[in-house]
Amino acid sequence: MFEATQINRKNLGREKISRFVLGGMTAILILPVILIMSTLIYKGAPVISFDFLFTNPTNGMTQGGIFPALLGTILLVIVALLASVPLGVAAAIYLSEYAPDNWFTRAINLAIINLAGVPSIVHALFGLGAFVIFFRFGTSILAASLTLAIMTLPVVIVATRESLQAVPMAFREACWNMGATRWQTIRRIVLPNAVTGILTGVILEVSRTAGETAPIMFTGAVFFLPFLPQGVFDQTMALSLHLFVVSTQVPEMPEAVPYGVALVLISLVLLMNSVSIALRMYLRGKKKW
Amino acid sequence: MNNKQTPAAGAASDFDRLNRDWYIDKAVQTLVFLGGISAIIFIIGIFVFISKEGLGFLVGDFSFKEFFFSQNWRPTSENKVTYGILALIAGTASVTGLAMLIAIPFSLGTAIFIAEFATGKTREFLKITVELLAAIPSVVWGFIGLAMMNPLIIDIFDVPVGLNVLNAGIILGLMAAPIMTSIAEDALKAVPDRYREAAEAMGATRWQVIYKVVLPAAKNGLLGAVLLGVGRGFGETMAVLMATGHAINIPTSVFDSVRALTATIAAELGETAVGSPHYKALFTIGISLFVITFVINLVADLVVRGVKKG
Amino acid sequence: MVNQGNIKLGVDKLSIHYGSEVALEGVSFDIREHEIFGIIGPANAGKTSFLKAINRMDVFNPDMKVGGSITFNGVDVSKVRNVYGLRRRIGVVFPLPVGLPLSVYDNVALAPRLAGQKDKAELNVIVERCLTRAALWDEVKDRLDSLGSMLSGGQQQRLTIARALSQEPELLMLDEFSIAVDPVTTMRIEDVLKELKNEMTIILVTNLVQQARRLADRTAFFLEGKCLDVADTEDLFTGEVSDQRTRDYVEGRFG
């Protein structure tokens, strides 16, 4: 009695087709990337070894390991975090707990969005003009890290702000009614319940910072350094820059080396992102209210 | 009856003292405010510093017409040094254009699939995959363009050079798509369920619901996603540097090598002397890039929030 | 016979506006020390706004404008510099139960700790006393470190009361506290309130007219933003009232 009418059948058919087409588009988007990853692993794996990761390069970078570059990236990330996390968390606390709903706050939010959208090479120019030249830090870890910090500040601010805003207003009001100051409320109730979310944002920032090349190219990272950096005013090697140079500017480079470097870099980045995602999923399970 | 009404014990000074907690609270308030305005300070600072370095060029050797409309970018020429960025603009535009041509339909399709068709574990898996894709660093994409797409293009299309608009366009498309997918998916999710339920109650199929109800309702957010993708395309540096080749000309086919604005700065800054006209010209390109992406981001933000410009 | 004691809270021509909306206007009366002062009236009469103005929670709402004056211990609350000090002396219980995402123990120990109390033994005493008075001790004494935010609604409401008591307030304000609590527990808390009035002053906002009759020494009737009557409670029910509507409300003819 309720057989599909002709129109119904046509519509259902259309739905099946659209589902198929859209699913296909999704697959097409993801497939090339899977292929690329496989190629990277296939061609880069032969080079990867304990030595590759932990010894110095030799023979004009065509042999040996990438340890200084790996170390350099870690150093840059740490210094950038030291600069951006306190600042970013403070900014997010302001936006979430204090900022009134007016044009000034909207301007701040606009500035954050724009900061995130500025091209990386423009950040590099800024780092050069401001930190290397104007503040006279010279090309150094400090200049490069500060450039990176400003570039990735939005990531920390947004992640922190969202975690803070996820804490229900009722908790704050209960504390205020008891005579707690805003800071006491933030310190005892709001921040502790936002820490995991903040951590997620920080890990995300780390992964972005580690992969950037342009901002550090002219502010403190170099391709070849005969010794490891001793302090923040020294230059350093970096994984991302290393990949750029070995794949474009070194003649007689064995094919596997750039693949190996790329593999290390992408593994690092994907690993950190996965940790961040896992943390977020863990958070969702641990409800405290 | 005794009508003595006096204020109760425990007078003013008892609780109205400015104690340590009060001062700490005020101090924190100031500190976080400083943190809050830091973003504004940095954005303004970026503009100030790059303008400062490029200023000399703008007032000195600069000829507006030549800079923006000449395709002769020859900063190191021995006879006549010219700073025309038209070819560079064409390079950026062609690569970004191709990238958007690829990325928009696919990211939209994927976003619709994830938001409207996929469920449970499939949806989780897809969302995580898209997120991981978006995390791949620019220099790795450039390497992929160089090492993998290059020989592929030479083979398949039988052209002499594989570093061209096509290479960079595909790479940039793959780079921008995950981010656009995320934002588009957010826009689709933001459409209230009752819209969908109302349409379904009238007998519409899933696709009809999407096509006639959800998409129009989300169009602001979707437009924002596209604009953001364009902004990223314009600003992308390393991938474009590595995949476009080095020829500075206006492309006539996708197989032509080109040079982008961002790549030019990256490629040449290391070889200029600080303060030289070439150095300042590069900073001027930087100012142009800043302004372009600023405007795109501004428009995207307004569009996403539903306030149409103009 | 009601005590003509000292004035704890003086209200003079109080008005409260939310933007252009008038929540309260022309309210004037005194609340005396050690009395239970009831406030009754239908919803949206301005009762909750009144409480918010007393402990200066109006600063968190930019639309809320308070006119006239409220004095606490003779001090105009709008002129107080250390608002937090003021709020510490005043405990509030709102109808929405809120268990903070801390252990039950820490929930009740929070106010004393903020006031500087660090001694564990002292805190134990305070926690037990407040939870007992809030009729919650027996149910939680074996799980003081469970999360306050995960208790049942009725338990969270009693936890809120315990927190308010832990401030050792001079003034305790309860806004329809029995909504989230079962009748038996309500009775137990009412008994506690009767004893507490020897230690503090209590404002009891309630929609249960009979509750006001049981507990309040004097009662005010709020209707549509005005205070129509303030009198000894019994008078509202059987004696003189200034406004017939008060008698109508009390006898259940509307509300």
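As written, the chains take the letters A, B and C, and residue 1 is the first residue of each chain.
FYI, a residue touches a chain if its C-beta (ideal position, glycine included) is under 8 Å from a C-beta of that chain, and two chains touch if they have at least 3 such contacts.
Please read all numbers here as calculations on a predicted model, not as lab measurements.
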item	value
Farthest chain relative to chain C (centres taken as mean CA coordinates)	B
Centre-most chain, if every chain is reduced to its averaged C-alpha atoms	A
Centroid distance [mean C-alpha coordinates] between chain B and chain A, Å	15
Euclidean distance of C-alpha centroids - chain B vs chain C, Å	53
Between chain A and chain C, centroid-to-centroid distance (C-alpha), Å	50
Interface hub residues of chain A, defined as touching at least two other chains	181, 184
Sequence positions of chain C contacting 2 or more other chains	84-86, 88-89, 114
Contacts with two or more other chains, residues of chain B listed in rising order	21-22, 25
In the complex, chain C residues that touch chain A	55, 57, 60, 62, 84-92, 94, 96, 98-102, 110-111, 114, 147, 149-150, 160, 163-164, 167
Contact footprint of chain A on chain B as seen in their complex	21-22, 24-25, 28-29, 31-40, 42-43, 45-46, 49-50, 52-53, 105-107, 109-110, 112-114, 117, 126, 128-129, 131-133, 135-140, 142-144, 146-148, 174, 177, 181, 205-208, 210, 228, 231-232, 234-238, 242, 262, 265-266, 269-270, 274, 282-283, 286, 289-290, 293-294, 296-298, 301
Touching residues on chain B, where the partner in the complex is chain C	1-12, 14-19, 21-22, 25
Chain B-facing residues of chain A, complex	11-12, 14-15, 18-19, 21-23, 25-26, 28-30, 32-33, 36, 39-40, 87-95, 97-99, 107-108, 110-115, 117-126, 128-130, 133-134, 150, 153-154, 157, 181-184, 186, 207-208, 210-214, 217-218, 240-241, 243-244, 247-248, 258-259, 262, 265-266, 269-270, 273-274, 277
Residue ranges of chain A touching chain C (in the complex, touch as defined)	100, 170-171, 173-181, 184, 188-189, 193, 288-289
